[in-house]
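These notes open a run of structures that come right after.
Common to both upcoming complexes is chain A, partnered first by chain B, then by chain C.
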Partner chain A sequence: MSKLENTLISINSLARPATDRTDAVAMLAVTLLYLVAVLSVPLYAPQRIIWLAVYPVVQSEVSGIGFLRVFLRSLWVLPLILLIGVFNPVLDTQTAFMVGGVAVSRGWVSFISIVLRGLLAMQAVLLLAMSAGFYDMCGALRRFGCPRVLVTQLQFTYRYMAVITEEALWMDRARKARGFGRRNYPLRMWGRMVGQLLVRSYERAARVHRAMLARGFDGTMPLSRRTRMTRRSWCFIAAWTSVVLLLRFADISSLFIK
Partner chain B sequence: MSHHYIRFSDVHFSYPHGPEVLCGVDLLITHGEHVALLGLNGSGKSTLLLQINGLLLPSRGEVVVGDIPVSKKTLRLVRQSVGMVFQNSDDMLFMPTIGEDVAFGPRNMGLPETEVERRVGAALESVGLAGFEDRPAFSLSGGQRRAAAIASVLSMEPDILVLDEPSANLDARARRQLIDIIAGFSHTVLLATHDTEMALELCPRALVMDAGRIVADAPTALLAASTDSIAAGIFDTARPAPILAPASN
Partner chain C sequence: MHMADALVSAPVAVSAGVVAAALIVVASKKVARIKRDDILPLMGVMGAFVFAAQMINFSIPGTGSSGHIIGGVLLAALLGPWAAFITIASVLIIQCLIFADGGLMALGCNLINMGAMSCLVAWPLVYRPIAGKTFRKGRVFLASVAACVVGLELGALLVTGETELSGITSLPPSEFLLFMLPIHLAIGLCEGVATGAVLCFVGSYKPDMLYEADHVAAAGKSGKMTRRTKTVIGVFAALALVMAVSFTWIASSDPDGLEWSISRLTGSTELAPAVTPATAIMPDYDSTFAGVLGGLIVVALLWGFCSILFRKAQSRKNAEKL
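Our next item is the complex of A and B:
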């Protein structure tokens, strides 16, 4: 299977909830709370952030996604996170503590803190999208009062990622069918292919849009039934809120680090 | 809407910077009629269909659906009455599951969720896809996808069903299922197709388009037997006898 086929399968699989038991609104509520909790931990206390990893680890396993999958995908943002924190060790050289006679600066501590909170935040967002499904996540955003235009843009961005990948896949198959294994095409030809891809994607998008208009689409995607709150949603929110607040405010690391 | 008719009065249409694609089309399809729209590629069939629910509006002339003239102000009403099935099913299936796709139209109509669920169930049942609600579109065969696309329109309970090349790329069994589905639709049907056998079976009346004009409006069987050059081209009656035909001696 080609990379494009794998990409298309990944994109399409993101559309649906991981399980029918996943409640998008409840997931979104917990994710927002979790993000606030992670980002509000003091910068020089990375040992307190680590405990908050309980949520992505446990919830990804419960929803059947698997933490390893979430973790590996969260590494996509690692370069950006490293870029944000890379100057901290250089600029903040004040000693924070000693480890075996080696001084660890506050810059390094804050750098580790930034990396941890960046990865955990990304994992929580990925977990939301993967377990609730992209469309239900967008529906939940609407229920939380997120502007309609923004949510519709998100939905279209996602939809057209699949459209462009599908068109690229067909073009790639057509190229391979007549390419006899050749790979070293001149840059000009690749440029033309990209141009063709955009034109084809635009045409396809126009046809999809027409089909939507024909069924009464007026610029607002209708919400699915899965974005309604149920008693289980409230239980889910209550359980995770308790855990996240406990992990955020109770300094569990002090039990282990004297 | 009490009268499910379609009326075109001197309809002209051209795409931007292009030649005229519809050149003064006049036609009337009355309530409950099943009509085939035939014509060679590029004759203007799809453009004509797109006028019926206002996806394209005439440059000149008037299209009336039921008692409503198709215009920007009436699009919502018209689109509730006219269900359109496009040539490529994949363009119609854009939601994560078939159930969500079939519910897309009824939800846009603002129906309550219980009614949406009833309609989704009934539409999928009518096309033989009961129980497929939670399946993603890409896991279905071509015939099933076409059936799902039709279900996504039937769930809106339209008064008029418009289909563009519905049997294209279908195998014999899927094509037969499709014919049964369309035959079961009791309201007005307009069907653009190259599948003349399906047209003969489903539509007592046929319109023939050529270069943006309706050049023939007659019973389908009569057109099939015609020796006229355009009809012969569409029904392929000018073809030589099959080479596998048994010898006559």
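Our next item is the complex of A and C:
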């Protein structure tokens, strides 16, 4: 399946929330707190980061998404992390501790720490995207004080991403049908093709604008009503805040140490 | 160049987030003042276009690899700097939330590195003076290449600074820069050539789409580079050099900001003193190894427990519905 087709599937799959049980404002608040907690753990203490995995594991199962799905998607972030972290074991060779006679360097400890941070942070963001849904998340951003222009822009971009990607897919298919198996484009052809897509997008924007004006568009898009805070949202925030703060500040690893 | 959450510390992420938020507020106010009533749908569709165009690769001659457009300078040339910044911000937010490309906490860093550097620095200071007010293919192409290279190199410089200030990598700043700058020079050249190709097509086919279309009408003026333009480019190059030297000097491999503050307060980088209960499960192992192993076991057990518990509840609900 082509990159464009995969993109279309991903765009459409996140339009609506995977579950009705969690609301977007509460999820966004907890995710931000969780990310600050994960990123504030010292780099040479991976034994303290690992406990923070409780949030993505429990929340993904509670919301019915499944941790395995979230974990597999979070692996996308690994190449970038490995690219930056791979130098640590090479450069920082000072011994951190011994395991069965084998010396483990500080570089490897920080490398493990970077990988854990990356995976957990990514899992939290994926969980937010999957459980909140895009339109509810826009409502949550507005409630957090995000400027109206940006929120409207996000909604527009998301709405037309599928349309423009579909148009690009048609052009790409037409090109491939005449391309005798050639996968990429020479720059001159690419420039004309993307330029053509740009002009078509521009003309479509003008048509979209006229259609919106005809339907009473006043410069802002309506937001989802599902982003109002309820007692359940407050309970959700309070519960996860307590758990995340406990996991961040209590040294639970000490239970395993002499 | 998308930075992941793992590469920034909390203080750096929050500081960059505050700066990016301030830029978004300013950009929103500037966009709200634009007297084009179709600006919002246009920005939305252009954001979607950049997103779709990133999926279409062009081949890089002689390397066997391919590249795609990033879009900061292209958007600025079509929409103007502030509208382009908001548009690129929306693309970055959606990329972060849908494709897990770049972290949520690192979003502030990504907005500054990729959005602000291209749209608010490279476009007005490099693209605009070189491209001039008259549409000429050669100059637009040259301006695109120069602006994309400068935008990406500044972004790479900031990525290095942010990662070093976060204390994440053991690579010394100078080596990190030597690793980042040449890669981004190559990426910038490809991005510039691609942006130039698209802008030249648009300029010839539908020139009113360009941001300064009103100036295009004033064709016939000299297309030569003015003295002012040359001064701007010279000042900018000197500024870039000063920034490079300053970042190399500032960045260090000291402990991160939070650790530093804790050590100032308590005399140690740990918040809680180590507790040594008599019931330790792995007494002979080092605390780090035992902690990681213990954590993994507990998390795995928790996952098993949660998945059994909630799947049963889910299947019971489904059965009730049927």
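Here are some notes:
Keep this in mind: the second predicted complex is superposed on the first by the 175 of 258 C-alpha atoms of A that agree within 3 Å, B and C clash if a C-alpha of one lies under 4 Å from a C-alpha of the other, contacts with A are read in each partner's own complex, and residues count from 1 in each chain.
Here is the rule we go by: a residue touches a chain if its C-beta (ideal position, glycine included) is under 8 Å from a C-beta of that chain, and two chains touch if they have at least 3 such contacts.
Just so it is clear, the structure is predicted and the values come from calculations on it, not from any experiment.
Touch counts on chain A: comparing chain C and chain B, the chain ahead is C. Look at A:Arg215: by the touch rule set out above, it reaches chain B but stays clear of chain C. By the touch criterion defined above, A:Gly133 lies against chain B but remains apart from chain C after alignment on the C-alpha atoms of chain A. Of the two partner chains, chain C is the only one touched by A:Gly85; chain B is not.
Of the residues of chain A, those at positions 134, 159, 204, 208, 212 touch chain B in one of the two structures and chain C in the other.
Interface residues of chain C facing chain A in the complex, by the touch rule stated above, are 2, 4-10, 13-14, 24-25, 27-28, 31-32, 37-38, 40-49, 51-53, 55-59, 61, 66, 69, 78, 86-87, 89-91, 93-94, 96-100, 103-105, 163, 167-171, 193-194, 197-198, 200-202, 205-206, 209, 255-256, 258-259, 269-272, 274-277, 279-296, 298-299, 302-303, 306-307, 309-311, 314.
Touching chain B in their complex are the following residues of chain A: 12, 15-16, 20, 133-135, 159, 204, 207-208, 210-218, 222-225. Listing the residues of chain A that touch chain C in their complex gives 3-4, 7, 10-11, 14, 31-32, 35-36, 38-40, 42-48, 50-51, 53-54, 57-58, 61-62, 64, 66-67, 73-74, 76-77, 80-81, 84-85, 87-88, 91-92, 96-99, 104, 107, 109-110, 112, 114-115, 117-119, 121-122, 124-126, 128-129, 134, 137, 146-150, 152-161, 163-165, 167-168, 172, 183-188, 190-199, 201-202, 204-206, 208-209, 212, 219, 249-258. Residues of chain B that touch chain A in their complex: 50, 53, 55, 76, 79-80, 82-84, 86, 88, 91-92, 94-97, 100, 103-105, 107-109, 113, 117, 134, 136, 138, 152-153, 156.
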